[in-house]
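In the two complexes below, subunit A is the common chain; its partner is subunit B in one and subunit C in the other.
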Partner chain A sequence: MEFCYLDITLDLAVEKSISAVSFKGHVIKCVKNVFGEFGASHKIDVLKYDLINRSAIIRCPSTFYVKLLSALTLSGEFEGLACCYRLNRSSPYLLSLLSNSRTYEHC
Partner chain B sequence: MVRFKNRYITVEVDPVKLPKNEPWPLKTSKLYRALMAEVENLHGDFGVASITSGLAVKYCNKETRIAVIRCRHGPHRFVATSIPFIHNVGKDDVSVNTLYTGATLHQCYKFIKAYQENHLQKLYSSLKTEEERQEFAKSVLTLPEARNICVRETPDENNV
Partner chain C sequence: MLCPEVWDFDSALKNTHIHRKSGNEILEHCEDVISNHHLNHHVSVLISDCESIPEDLSNILKTDCEYYRVHLPLASLIDKEFIDLFILAGGEVSALSIGTRLDADDCSAALLPSGHFVLSVGGDRFRSLGIEGVATSPDRYGIVIDLRKPYFKPGKSNYDRTLRSLSKFDPVNFDFIIAWEPHDEKICPSTIAKYLADKGYRVQQCQPHFEYKVDNAVSIPSLRETPETELLEWLGAHSLGVFRKDSSITSPETAEYLSSYEAPTDCTKSKKTILFQWTGFFTRKRFVHLFKKLRHYSSEKLKDSSWISLTVQGFMDSPVAWKCTPHGLYRNSDEQYTIFIEKEKLQCMAVLPSNGKIK
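Let's look at the complex of A and B:
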C-alpha cells in the first residue's frame, strides 16, 4: 500500500494544549463527519506529535489523501472552540518532510 | 446535450416482527427518511449531498412489501451500499433486501411482475377460498400505484 505523509498544525482560537489521543480523535471525527463510517474505516496514523505547537505528522493511504485533506479543511470546531487545520507540507516520502527546499542555501 | 441517467433499485422491506402474509403499510416518506439517515451514517455529508438530487421512493406495495427507489446514476452506489444496513423504518424493525437494479422504471416493473407472480404461486396454497385467491391476485398483480406513475411523472413529494 502506498502512503502519503502530511505535516499538519491545528490552530485553535484559544491557546490550549491537547493530547495526541484527542488530536487523532479529532482528525477521525472530521473524516467521519464528511465521509461517514466508510471514510473513518481508512487507516490514519499519527507518527509524531508536538504537544506545544499542536502539529503532527500523519500518514494515510495515497488513495485517501484528497478526501482526508478536504475533511480537515472543512473542520471548524474542536470541543466548542473555533479551529482550523494548516497543511505545512505533504509528501509521498517521509524523508522529504525533513528538508525544506525553500530555505536551502547553495554553497 | 447529455441526458441524466437514473437507476431504479427494487427492494423488499421485511418487518421482522410481523408475519409474512399480513399487510404492512409501507410509506414512501418513511423509507426515504430511513435511507437518508443510513447514507449519512455510512457516507457522511458527502454521501447525502451526492444523493439528495434525484432520490425518490417511487412505489411501495403493502402486500408484497416491495418498494422502488430512484436515484441518479453514479451516487446510486452510495444508496445501494446503504440499503442492507437499514434496520428501522419509522418505529418498525425491518430487514431490507435488494432485489434488482434497473436503468428504467419499466424494467423494474417487468421484474416486479415476474417476482410477484412467483410470490403468488407460493402463497396460493395458504389461501382457502377461490374468492380470497382472486382478491389477493388482484392486489398483488395490478400494480395500481405503478400504473399512475408510468402514465405521468408526478412531482416528488419526498424532496420537500
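Let's look at the complex of A and C:
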C-alpha cells in the first residue's frame, strides 16, 4: 500500500497539553464528522507525537490523503475549545519530513 | 452524461518515483546524482553498526562550511565584474533566494554552480520582464540564463535587456544565501563575502546546524531483502526518532492504538547506530568530498553486515531540483537522494519527477 505522511500541529485557543491517544481520537473524530463511519475506517497512524507542541507525524493511505486533509481543515473544536490543524509538511516519503527549509532560520 | 467524480481524489503529492540503481557503473551514477543536485539543505548519514563515533566524519561538514546571507538586488548577480571574478575564473557559486515561496510568491531565484542563473516567476511578471523562458506549470515560468556564455556581456542586446529588466525588479532586494567554491585551494571562500560587503550589501555569516544521535540495540533491515519503499520508510522512521522510547506511549495497547507501523521483517540487531544530521546550505562539492570519505570509512572500518546511508535533501522553494529542470509546485523538496554504502557495494535511490531523468 502507498502511504502519505503529514507533519501536523494542533493549535488551540488556550494552551493545554493533550495526550497522544486524545490527539489520535480527535483526528478520527474529525474524519468521522465529515466522511462518516466509512471515512473513519481508514487506517491512520500516529508515528510520532510531541506532547509539548501538540504536533504529530501521521501516516495515511495515499488514496485517503485529500479526504484526511479536508477533514482536518474543517475541524474547529477540541473538547469545547476553538482549534485548528496546521499542516507543516506533507510528502509521500517519510524521509522528506526530516527537514523544513521554509521554517529554517539561516544564522 | 457522465457522472462527475465526487469521491476518488488522487493525492497530488505522488508525482515522483524512486529510481533504484545498483550493479555496474554505480560509482559513476552516484557521482552524477551528487553533482547534479545543486542546492542542498539537509544531509543525514546513518552508520548502522559501529563501535565508536567516527570523529573525522562528524567534523567533515562543520569546518569551512560557512555560507553567507546577503541582502542584494537580482541584477547584482549578473554584474559583469561578479561573473568574471567568481564564475568565469573557474569557481562555483551556489546561491538561492530565501523567504520566497515557490507556490505563493512571485519570484524565486537561484544561481547554480554550473553558471546558470535561474528564475521562477509568475505569469504577469514574466510578460513584463521580456526575457525568454518556458512555462513550467500553470501561470508559472522558468527563466534560465547561462552566465558562462561568451556573448553574455555588456554591449550585447541580450545582456543589456536582461540587466535592464532585472534592475527594474520590484522588490529591489532579495535575501540570498550564497556559497562559493574557489577553483584554487589557496583562495579563501570568504572572498565572495568581502566582495559583496565592499559593494555595500548587508552580509551575515551562517553556520550549518549539526546534531548527532546514538541508539543502542536497533533492528536494522537488510539492504538486499527489503523493498525500497519499506527501506526508505524505515530510514525515515529511524531518523525522525519514531522507535525511540516516548513518554506519550504508556503501554503496548496504547502503542497498538496509535500506530500499525511494522518495521521490515528481515532485520539484524546492531550494537550501536549513529545518525549525523547537518542542516544549512551546502555546495555539491562538499558531498563529493563526504561521499569519498564515507567510502573510505566503509572499506577501512565498516563491519561486513553493516551499511552507511547518505541522504541529501534540497530546498522546498528552490526553482530547480536536478540540474536545470524546474521544481514542480506540488513536489516540495521530495526530490532527494539516498546512497547506501556497504563494504564493497553501492546502491543509489533517487526520488525523481514522474517519468523524469537526472540527465
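In the analysis below, the second predicted complex is superposed on the first by the 100 of 107 C-alpha atoms of A that agree within 3 Å, B and C clash if a C-alpha of one lies under 4 Å from a C-alpha of the other, contacts with A are read in each partner's own complex, and residues count from 1 in each chain.
One rule holds in what follows: a residue touches a chain if its C-beta (ideal position, glycine included) is under 8 Å from a C-beta of that chain, and two chains touch if they have at least 3 such contacts.
Note that the coordinates shown come from a computational prediction; the quantities given were computed from them, not determined experimentally.
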Once subunit A from each complex is brought into register, does subunit C clash with subunit B or fit beside it?
-> fit
Winner by number of subunit A residues touched, once subunit B and subunit C are compared | C
May I ask you to decide whether A:Leu10 touches subunit B, subunit C, both, or neither, giving the answer as first, second, both or neither?
-> neither
Between subunit B (first) and subunit C (second), which, if any, makes contact with A:Cys83: first, second, both or neither?
-> neither
Which holds for A:Leu72: it touches subunit B only (first), subunit C only (second), both, or neither?
-> neither
Between the C-alpha centres of subunit B and subunit C, what angle is opened at the C-alpha centre of subunit A, expressed to the nearest 10°?
-> 130
Between subunit B (first) and subunit C (second), which, if any, makes contact with A:Cys30: first, second, both or neither?
-> neither
Classify the contacts of A:Ile57 with the two partner chains as first (subunit B alone), second (subunit C alone), both, or neither.
-> second
Who does A:Gly39 touch here: subunit B (first), subunit C (second), both, or neither?
-> first
Partner chain in contact with A:Arg102 - subunit B first, subunit C second, else both or neither = second
For subunit B relative to subunit C post-fit, closest CA-CA distance rounded to the angstrom comes to 5
Subunit A residues where the subunit B and subunit C footprints coincide none
What residues of subunit B sit close enough to touch subunit A in their complex?
-> 39-47, 81
In their shared complex, subunit C is touched by residues of subunit A numbered 2-5, 19-21, 24, 43, 45-49, 51, 57, 59, 62-63, 65-67, 89-102, 104, 106-107
Residues of subunit C touching subunit A in the complex = 8-14, 16, 41-42, 44, 67, 69, 98, 101, 177, 204, 206-207, 229, 232-233, 235-237, 239-242, 246-249, 254, 257-261, 277, 279-281, 311, 313-317, 332-334, 336, 338, 351
Could you please specify the touching residues of subunit A with respect to subunit B in the complex?
-> 32-39
